[in-house]
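Each of the next two complexes has chain A plus one other chain: chain B in the first, chain C in the second.
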Partner chain A sequence: MMLNKQLMKAVLGHTCNGRVIVGNSRPHIRLSRCLNTTNQDSSTSAQVKEVSDNEPTQQSIVRKPKRPPFIKNLFLGRFDKEMLTYPEVLDKDRHELLHEMIVPIERFFEEQVDGEKIDKEAKIPPETLQGLKDLGLYGQQIPEEYGGLGLGATEYARIAEITAIDGSIAVTLAAHQAIGLKGILIAGTNEQKEKYLPQLACGEWTAAFCLTEPSSGSDAASIQTRATLSEDGTTWLLNGSKIWISNGGYADLMTVFAKTPEVLPSGEVREKVTAFIVERGFGGVSSGTPEDKMGIRGSNTCEVYFDNTPVPAENVLGEVGGGFKVAMNILNSGRFSMGSSGAGILKKIMGWALEHAVTRKQFGHHLSEFAMIKEKFARMSVAIYAMESMAYLTAGMIDGQEEADCSVEAAIVKVFSSEAAWHWGSECLQILGGLGYMKSYPFERYLRDARILLIFEGTNEILRLFIALSGLQHAGNEMKGMIQKLRNPLMNPGFILGKGIERIRQHKDNPKLDLNLSDSLHPSLKAAGDILEYCVKRFQYSVETVLARHGREVADPKNQLELARLANCAMDIFAMTAVLSRASRAYCIGVRNSSHEVQLAMTFCDEASARIKTMVKDIENGPFISNDSTYAKIADTVIEHGGYAAEHPLTRVFW
Partner chain B sequence: MSLRVLVGCKRVIDYAVKIRVRPDKMGVVTDGVKHSMNPFDEIAIEEAVRLKEKKIAKEVIAVSCGPTQAQETIRTALAMGADRGIHVEIPAKEMEKLEPLHVSKILAKLAEKEGAELLIVGKQAIDDDSNATAQMTAALLEWPQATFASKIEKTDGTLLVVREVDGGLETIKVKLPAVVSADLRLNEPRYATLPNIMKAKKKKIVKMKPADLGVDTTAHFEVVEVCDPPSREAGIKVEDVDALVSKLKEAGRI
Partner chain C sequence: MASTSSLLWGRASSKFALQYVWNVSRRLQSPVFSNTFQCRRRITTTPLQAARKEHNEEKTSLTIQGYFASKDRSKETFLTACDVFRDKGPHLRGHVEFIYAALKNMEDFGVHKDLELYKKLLNLMPKGKMIPQNMFQVEFMHYPKQQQCAIDCLEQMETHGVMPDTEMEQILLNAFGKYSHPIRKYGRMMYWMPKFKNASPWLLPDIAPNDAFELAKLAVARMCTVDPASTLSVFETKDVEDAIEDTWIVSGQSLVQQDLLNKHSPDEPIKVEGPFRIFLRDKCVGYFILRAEAKPRPPPLKRQEIDDVGDLKFWFTGEMQPDEEVAVSHPISVHEQEDGTILAICATGTSGRIHSCLGSGCWRIQTQTWPTYLYCLHKPVLLEIS
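The block that comes next holds the complex of A and B.
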């Protein structure tokens, strides 16, 4: 039995649980130290607070609950009902603080950010960047003791809704803190944190994340940049080149991933990935010319070359050879914010499209009276509702649980939100018709900016595999015994008989609903709760089917379509959970328009379950009845032919 | 000579919001509507903070009259650089009927109580456009007033203030203590940076009621009706000057 180890490992990154470790995901723990009492405005020089000897460090250690991974357990048919209680992680103080912070940020973006100019000149004006630094936006998740704002995931996600107004700025900020310096927060030593975080927090230094290379994009484990240790063991020499590095043209600090040799006890030398903190000032660091891009044109993207760059040994981030895990943890921890940033943009442009639709008249009616236009706004609202709900549910998990394992949930948020942002951005443009296509309106710019969302931070294809394989790996271990029996029916008649009844029900698309999910929701959502339960059961059945069908070959390249279906089901189930959880809470506590929310949630569940029904049917049918194997054959013909393989329609064979 | 500056700020409906008249025609819709600090008051706070940065002022106290939400406005002032705040609690219902005279009495009492030597307020609030508080407060305190200030300079025990008036710019000298009202071009208010918002959490806001200052907030006016301005009607084109004149005569305009 062949196991495509490489692909599995590359996609999953590590063989144990994908923990998401976020540096400051502990809003209750605040180290209270003596404040630097000068009352001046935060200047751009680094401010580190001094510890007073007299004042004891106050740490209120609130033990947070540990919960099992939600989506991964769904592969086993286990549904954590806690998820149906929408999280409320911010206490009154933090809630007020967050909403006070939103005000100047929104104003800044409204008054000081000229998105059109940034796009046209492919540059963010230095005054604008300085304004962002002065506002404190460069150190959102850096702990207060290092000069940052010490915000948690929820606050970060909320602010991302605003910074997303300009794609170039959003990416510049994210490249700096969500990935560029995140490694130091997650895996850095205290010395590394003290040395680098203060100037990163105030924006004196900008950070970048250097992983991708010309021949290593999705397959991050195949990078070729190398670092060799000096004889005396004090310095690593870094050599290699990275491409498409955001902030790469001017970043002062880079988290660089390189292969380092590891000598095994057998004498064999293996290459493993190690993460390094590299200062531009170390020497040997140069950048190429900025790339001319389709969108996010103001964000600086370029090649970065390392030519015998000396890196002190104390700048290794995490363990030597443990770099891949660091990289995956970093990427996992920032992904979920794409849900809120996507929702932020869509809400804005939807507002503009709506303004147009209620003023523009054709055929004697306002556009907003036509059903086709109404449908767009309705579906868009449902999608935005799902994006927001998932983003903040995931953020709530990160902030509210002890070392939450939500790598799969974060991936789901990223895939769903990027595709929704692209699709609905396009529909908003469509509503404006010809005007939407013109550069004098911002829609085409938003669309161009949004396209990258499906590609970076893990392409959606890779993430779908990640979602499916993570879940299968989690489930597979537990189900190993069961799957063996399923694959060996003649040897396990008793088990098959017992399982048989269950499977007969599933064959008839009539699973037994025994989870009572609707009990955890407001009664008005009962029907949707039952639909969710049905989907969970069908999903579990399809997981068993896929595992039984392929066994360990499940990760083989030719089985990707089945995995993608599992991933799509998992995505829809997570989204359903999020929207029901949120709508139930909204209705129970009586927020304004809560009945509208209930309507959005129920509509989403209705459509999602229809999708899941189809996908499970396709999985059940297998690759030969669904078109998977046919597609493979067609693709092979095209590949062999070197292009489109059908003869031109005008071809004559005889006269 | 370092001044203690008292600054009044009011929480109003945000300038960008489209106002809607309430169905009962007794006011405008405020529920769920975005509110923020009166723009002219922001300018006032900014000026006070700049005076402190220039070491002309030693302390800036922000005052706001209103319901609980007025504290948000005071916190914005603290985030911009004010040292402490005073919240004069007035329930929302009463707030609708609060008049410049009441606010002036409150500010006057506070100026005396706090030993302020300079009181700066915005020239008018964008909701009622009264343009009266600064003037009334000065009268109650018997202090000189410099309204519609577009530039303030300190010279010994006096202030040199450039005022924007209908005829142009007027420069006057006022002795301290004085009342100043801020106009649009006095300065450009800073953004409250996020670190400053966090620091402002530690600054003190003292709460009190108008009665504590011996001020009676009984209304002198009664709102009869609030309605939309009449919607603009279409114009008419005329062929020549004679037609224009006859149309004007018809409408009784000439």
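The block that comes next holds the complex of A and C.
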């Protein structure tokens, strides 16, 4: 096969180079192993390729494999080695089409988008918006039959990388299609799709997503907006107000969540969330003045009020009373693209910072010669590499799997990349020093824009809980029996003794490695593969420990620090998996600078494993050794005092 | 002796110093030594008992008592008395008697919490003469009467919670020198008193205000610290119809309590109880509580239930219904105690009198007035009494 030939070339070339991480005394063995691995690894993608070669019109829809959720299974200590094969979901046609599509979009953003002006005037000019519509960017994921581009997650993520170059535009687009109209795509009926999608796809209509209310932010189930069914049962009357609605000032169509009464067989009335498609034209919809924000200033954010807005019964999205699930599905599916957009911004501003570093001279040296500056660029590259790898791995999972359950992965991508974008954006600014702080440079604007990434679509704190609790819920069902025994050691001495042997290895920080993960990677990445395996094992141990320690009370507010640690571990393991599979693929097929990629991946794995090691140790040690309890006490004192409780250093008790 | 010498000849390490204090205090307790030193101090007695000192009265001669015979009992006259004594002559005879008499009269003059006056008194002691010059003088309590007088003065300060300062140290050093009992007493006071001074989490002014209204506000604010979301509001009864008299009401209620009150079933009575007492330093405030009967607490999760980690439910797995088991449990607020749910507290300008008029115990809020009460959550509770 072509692929294999390419592979051989890459590997041979690499052996000659001699820049190998594993000893190069047995090139033949390595070669054969590598080939083996790739054959096995690329089984899925090869299959897809063949199918699309033979019958390009039918795509691979029928052949999509169904896979278990990756991160959730990780909580059980199960590792899906298929993840170490970096997905190649785009066939040749789509790949080329995507890259043809990118050119005009890139040009448009370079030439016709004035980010500084948008930020200053807090408004995206209508001609810019029209340009975006003309490029088809308002209907990226809407199927072609409804006039959209019909892009998959991977293509969408790639385009998000470019549109992210202006935060305001990215948010406007995301509010429109990642959440605003996503409900129709996910849960809409055919009639609803036919009625609304064409207008939304061409940008004639803009969509918005109305969930947040003054009294309910992260806690979506507590919304106060009410909808009551009219006597004849044909119309719902919507009452309430929503805040911070992106595109809220001019959206023509809104996905609105409201509580509707549900009568139980017992005659009891309960209130459940229902999703509605609301046109502005229904009447009774009004918007407040646009909010003045720190960043993404060009995007339109305002309050939206519903005053007896009549909504026809056929505009209920999904089932009556099933709105909560719709909301969660929309939010879960909208997050994955934040990784690629974050990476897109960072790559861009890192380039500018680098330009400065190589031209600016201080103390007779260019900034780029100083180790502290170089380290920033290096670490930044590692972070970007991880962001990108995770984002496209997740997108590949969504595209390449049947009914992919990627909610946790998407949340991980969002948390990791939002934090990296904020931190490394700030470091880029730091490289320019005082210049970076000036408004005449774009760094401060990007930094302000990036700040919202940590907050919206679920704050990072909430998402960390989501990551940990989703995993624990998944693991809990299976580990139920074991946890019960672990929590009652005296009643189950036999089990505890048996478990003890495994535990002794874990206590010594030396888990048994039997997953053979490095077999699925290029041999030069063996060391990193082993580290990954160690992390997977340690993670499983920490999940067990946390569940055994808290039982059902694991979700109590007081136990959040341990959940956050579990979430951080899961994030790092997912990132390690992503960078390793990407680097392995790159090295095998001989992508340009692939040895650089291997270095990026190895470095990331090394540091991530160190982080995981500490976090697992902290979990194992419990709150008293890990300082959690001390921090809780400090916070209690502060809360009791209504603020910083230490006396001013200048305070005198006596004279 | 060994410890004494170490104090005198070398710079005593703190360990030695402690050891020395311990030795001395043991000796002071034993009857033999107390006779020798004429020590009146009883270390085991409480400060209050120690401060009684009736025995000093006999020693106060009539002439000395005359200094404090002024009708005008104020700080100025007290200061004048001290000045008159100081300026009387170069010999400064009888200053021990004068200081004892002054100490006794301080409370009368209302200056017993005034550090300045204590300094003034101790500063009357002659300087230099009483400083021990050798280790024997140190060990055998040089000028015992004078030292004891200074110690008693410090003791009275301690009783009244007056903390000395470094100027006081200087005064004592000038009179008795470094190796003297008053200085040791001073050292102990300076170790403990700053710590005690700031030990209470509720900051109060050194002297609690005399104004009942200010006191009431302080008291209600202090009790409201159980819930950081509490707000304190002041009402004038004249703003409320049916008010029986014109006074103020300081009320404290938190958002949680308002919420609890909102949810309270109108069929169940709410009681106003009180007055209870709360002390702010030496002053007392009576307050009332608005109390509902305690709700039965949800039974704690059984062991088997906690152990069962299958089928966990969280906020994102679907909407929780009130009766459904919630993994993120809604905690019981601090206001819901086992003996009742406290819905508000208040103190009034005439709380004592209302109390005496109506007798103790609790009063039922009439069901008719209940909706009015519910309507303005912060309405003074006392006026709702039937």
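Heads up, the rule we're going with is that the second predicted complex is superposed on the first by the 594 of 655 C-alpha atoms of A that agree within 3 Å, B and C clash if a C-alpha of one lies under 4 Å from a C-alpha of the other, contacts with A are read in each partner's own complex, and residues count from 1 in each chain.
Heads up, the rule we're going with is that a contact is a pair of C-beta atoms (placed from the backbone, for glycine too) under 8 Å apart; a residue touches a chain by one contact, two chains touch by 3 or more.
Bear in mind that the values here come from a model prediction, so they are computed numbers and not experimental data.
Considering only touches as defined above, state whether A:592 meets chain B (first), chain C (second), both or neither.
first
With both structures fitted on chain A, tell me whether chain B or chain C touches more of chain A's residues.
C
Name the contact category of A:80: first (chain B only), second (chain C only), both, or neither.
neither
Figure out whether A:476 sits in contact with chain B (first) or chain C (second), or with both, or with neither.
second
By the touch definition at the top of the document, which applies to A:606: first (chain B), second (chain C), both, or neither?
In the superposed model, A:606 contacts neither chain B nor chain C.
Would you check which partner chain A:204 touches, where first means chain B only, second means chain C only, and both and neither mean what they say?
It touches nothing on chain B or chain C.
Where does A:552 make contact in the superposed view: on chain B (first), on chain C (second), on both, or on neither?
second
Mind pulling up the chain C residues that touch chain A in the complex?
163-167, 190, 194, 197-198, 201, 225, 228, 301, 305-321, 327-329
Hey, which residues of chain A end up touching chain B in the complex?
Chain A reaches chain B through residues 35, 39-42, 93, 97, 100-101, 103-105, 107-108, 131, 134-137, 144, 149, 592.
Quick one: which bits of chain B touch chain A in the complex? Just the residue numbers, please.
32, 36, 53, 72, 75-76, 79, 81, 83, 190-199, 201-202
Taking the complex as given, what residues does chain A use to touch chain C?
Counting only chain A, the residues touching chain C are 219, 221, 270, 272-273, 324-325, 328, 465-466, 469-470, 472-473, 476-477, 479-480, 483-484, 487-488, 547, 551-557, 639-640, 642, 653-655.
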